[in-house]
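This is the structure I have questions about; it appears just below.
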């Protein structure tokens, strides 16, 4: 079921078109990562989805509510982690959450209960008597995430949740997102960290200059951009004449003194055959490994292709 | 030759000790990465090295100049990329570089020549008539790097050079750093991006609460923290009795239906022997690959150990 | 991160029948803001000092002076000084508290906390009102406390009886001034891109109000306290206009989308030129496509089409001018009794047209009621007053332009009423001294004023789709068009008539 | 990234003999800053309007008023109005340009561009002077332009002869005021953590200077223009102190290290309490270890040790008080001839001690030269003036405290010189009316003033290792100690003497 649905979403500011005819859906319990260069329209898209901006053309529906018709309901259903945490530095955690709970129309008791539960869950309970201005960067980011969760939103929009965090903080926030996903939250994630996108997202959406240029799961995109997997064989002995023997099974892409590379869609059959050949010629194999296919390569390839 | 040398460097602010007895050297033409959580004292260390802050105790020498005795000379020799680009938004690139060139005492002609050459090198020449305030995040970061290079510094201190950049911008800045290294610049790099540190740095220095907790090359640290490399064998056939045969060569760490893992310090000898055994028992091998050993694991392990 | 699973209290969805406007959200916002401001020592200390210590310091300085002057006549000084002191004591904390209002939107935007607020269910009007009330309450409270302290210290220490009416006036004035300053500041805050810009624009709020306070002080020293109630009324009207403009022009889109703006002088100059050359009805179109070649300016079209159309479009401005002319005359007429002026201060019964004619021919000391008899001097004087009015209109939402029109009408009304009250023929006077050139000059001045008012008023209510800047540029272009093609030629004619015809009419009618 | 290899021009290392101070760096900085400011429409437009239009508006308003009043006596108004107008026209653009100075350091810090600047070879003094000059030139230029425009319009349009001496004075005053405001603002900017804080603190710069401008206007209306040169001199002295304090307290460490500060009221309160209880020589130690239990306050130690030691430490404050007393008396003495006061304005030859005694016994209308004969009233009055002086000292770097001490001395000097000039026995007068209580009161007031001055002066020159805030808290603690244990008891005694002994001495000596 599509919880978030953008249909031909277009957003113009004056003469600038930030988002142009973008259509996609985010399904219940899914994590969708939105990738793209700065200025590609990611933040504008998220703001349209969160009913902060109104689309110039097209529609956005969240849980069936159109953002143009029922922006209040949409904002009530959505939790937004903005790019910068932007906390009120003079407030304490409970006050802060109480304020945002009240702005979302929660009653006092619910606000207190949820605030306490969330602070405990995110490991911020020990800091409940400190002012937010004294929090570290990582704590602030987690606090902003808690704020986005205070009203138990069905959908979460996360804009650069781990930017500017140190490795440990980033790890913790990523764990938190993974937890939220496990609990069935629907999440839209904007990030520049491709390793993060690869780890967390079910599907990817890559946009460039306001248009979608690619979409699919990580594997689909890799297959699509980089072709079938490439395997590399590293040998302990010199290659010499063995290539001819190998050629009976596969055609190597290239080779050097240490070994060779080949491409195959059926590693289960091909690889044992290659090893058998090599064994037969008496060449010793140190390793036979798939080449790492980084999402970064996919991304840079796509960006190079469109620009 | 040590171009940068910190000897028992200590820096206190009031009652807070930001850096505590840190000693290290950066050698000519080397890239040293400084890792650590937010607030560990990385920025303070860099500021001490750049003669912006004076050490409370200990010494810092850059190219033989003590920062306490000759801060002007040190600042003249150092190029600093600050954590935030912080450009003057109303200036144009050439004006901006001219100003910093003049502050470093370059004459007018040298300033113009270097500014032009650097802008061309970093692909910013086409934007020379735009104001810096209109630059994109990636261009700003590159501009800040150019600023740090305008006076041909012998040493570069880079504080989070790719933070907040989109993947393409980060890629370009990383390429630029790799280029600078190839040209023989001595570079100290602070970063939260461990993949970046792994790619760019010759040596790593990990600090925590103002103290060095680990140092060495990436491989040394991995060896030290994670032990010898682990190899994983994936099989096309069921494992069944074959483990006993393999045990004659190595002791597997663990196994499942798909294959098994083992640790070895001598893959060149051990791996062919393992493959030979497997071949002998008629089990078909799909792949034999070293397990990825991410720097993140090393880092998180070290941080967990010290805190 | 704790490994605990998330067992949270369920929260119901918002009802589809949720009210369109919810005071609860406004108050939530107000409470938070005020609590936050009260925690900021950079706000609390200066305002606290100004509120608590300024009355004390004022009183203390008065002490030092009074002690020295006690042998003379301290009560008169007290009577004059205390209401002024009250005004000052109320004004100072308010003007410094403006920083809260000026930061209300743009400050949150700079600190990146605005987006989270915009993501809550609160609507635009709720956000705007919340910010407005939050910005208003603290400054107002500070003013009231300052006034209260000063009042107590004056009444108790100096044993001076403060009339309740004066006190009520000061409180009403302070409140009205505070409302105007804060609403204007919140308006500025929701239309600027940086706190710095907002702070700089603050001068354009504080300086006019400070001038107003000085005028009020003069009125108090002058003993015309009743006039203060008119000022209160005027301020309240302005305030309603400001709140309306604020709500109307506020929207969360603009406030997030706005980037650091280089003032595009060139763009505004081009826009001005295009507006100036194009017929009025094409303004909206010109605004969008000003990039091309400007439309051509045809003199014939201006007179046949543009000017009539502008007059029709600006009927509210013309109505305001007409109302001001009539109102000014009537107020002037009434002043005679209000101020208890001896009615025969102008005695036309002894007016000697021959002596007048002789004086004119000597070209020496001109007759007092008409300025130097040189048509260039008259023309320049009139033009300068009109241009000054148009300029000050920009900083007063049009008010100054109307005041400058009202002033001469009040004088004429006063003269006429004096003649009437002393049983002289005031119609003859008007027919002789005013009518000959006034029949041209008065409509011309009203025309100029109508378009000058628009320059200021348009800021409160820009045309659909226009930014405030664009609207002002359009109003300026229209003003210049009216000025060049109607006002200046007519003023020249009027000045010539005043010099060469009016005196003859005077001599003819009075002979 | 182009693939071109880096072939760059070689750059020589800095010479080890590089000068310790390099004007070239200062000017590079100044040029950049000014160019940047001139490109910022949010600076240029308001300042431009104020500079170019304010004189015009001022002139225009005068026009409207003058036209109306022309029949009366416009020249006197002109003579009084023009110098005041010049002062205002010079002051306004300057005060609004302060925003540049206020942002100089803290603004760059907020926009993250400061660190790059600190990483250049420029030293602290070069950076500070560069920022100071850059902040100064534009406001000063704006003021001069405003003054020039107004002067031209006044001289040319109104054909009023502006005396060169008045013009020189206005320019000197404006320059000196500008120097003080800008140096104070740059000082604030290098010691605050946010532009917001700097802007709020700006009130404490603008308000005193605005008061000073009003005092200057009064002096002009009063016709005592020579006194203005003393104000210029005072401002220049203050300015040197401010620049010195700026250079002394500026350092790149503090400016980068400083984080957003919650005002730690509790810490300051504790610090105050500890300073108050500890002996003076332990202040530096207390500052570092104020966390523990406060040292105990022993009354004996206060009188035997603390007060003598404080007097010794504050010898500069005592010297300033003494100088003020003597100077005030001498200036008062000189006023008689300066102001051409008839010398026998006080005629003690007809003084009737019996009538004086009778008046005292009636306890009704007190003799004019002594206030109400109630020792509590006298005590409260004196205490209030001293406390007021101490408070205002904080906002005037000590100046107001000294002025409040100088004022009564000037009156006494004036009285004495009047008696002397009319051949009366002025020593007898002093011995009778002043000496009996003055012998206690005067040292007490000087003591209080000396420590009040320190509260303000310490901001310009905090003790080694103390922050400005800590230094003020220490000075306050010392002041309160002196006040409670010396000033208040002595004031009580002096008041008792004034009521119960002085009148008897008067009667005895004059009988």
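Letters A, B, C and D mark the chains as written, and numbering starts fresh at 1 in each.
Keep in mind that, in the parts below, a contact is a pair of C-beta atoms (placed from the backbone, for glycine too) under 8 Å apart; a residue touches a chain by one contact, two chains touch by 3 or more.
Only a predicted model underlies this, so the values are computations on that prediction, with no experimental measurement involved.
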(message) Using the touch definition from the top, how many steps at minimum link chain A to chain C?
(response) 1
(request) Using mean Cα positions as chain centres, tell me which chain lies farthest from chain C. (result) B
(message) Using mean CA coordinates as chain centres, what's the gap between chain A and chain B in Å?
(response) 24
(message) Averaging over Cα atoms per chain, report the distance between chain C and chain D in Å.
(response) 35
(message) Nearest whole angstrom, what separates the Cα centre of chain A from the Cα centre of chain D?
(response) 60
(request) Give me the residues of chain D that touch two or more other chains. (result) 262
(request) Hunt down the residues of chain B that sit against at least two other chains at once, touch-wise. (result) 90
(request) Flag every residue of chain A that touches chain B in the complex, lowest number first. (result) 35-39, 136-138, 163-171, 192, 194-195, 231, 236, 267-269, 271-272, 275-276, 279, 284-290, 292, 296, 299-300, 303
(request) Could you please specify the touching residues of chain A with respect to chain C in the complex? (result) 13, 47, 50, 52-54, 70-73, 75-78, 80, 82-88, 90-91, 95, 99-100, 102-106, 110, 113-114, 117-118, 120-123, 144, 147, 151-152, 172, 175-176, 179-180, 183
(message) Give the list of chain D residues in touch with chain B in this complex.
(response) 1-2, 4-11, 13-14, 16, 18, 24-25, 28-29, 32, 35-36, 39-40, 108, 111-123, 252-253, 256-257
(message) For the complex, give me every residue of chain D touching chain C.
(response) 41-43, 45-46, 50, 53, 56-57, 60, 63-64, 67, 71, 96, 99, 103, 107, 194-197, 199-201, 203-204, 262-263, 265, 368, 371, 381, 384-385, 388, 391-392, 404, 407, 411
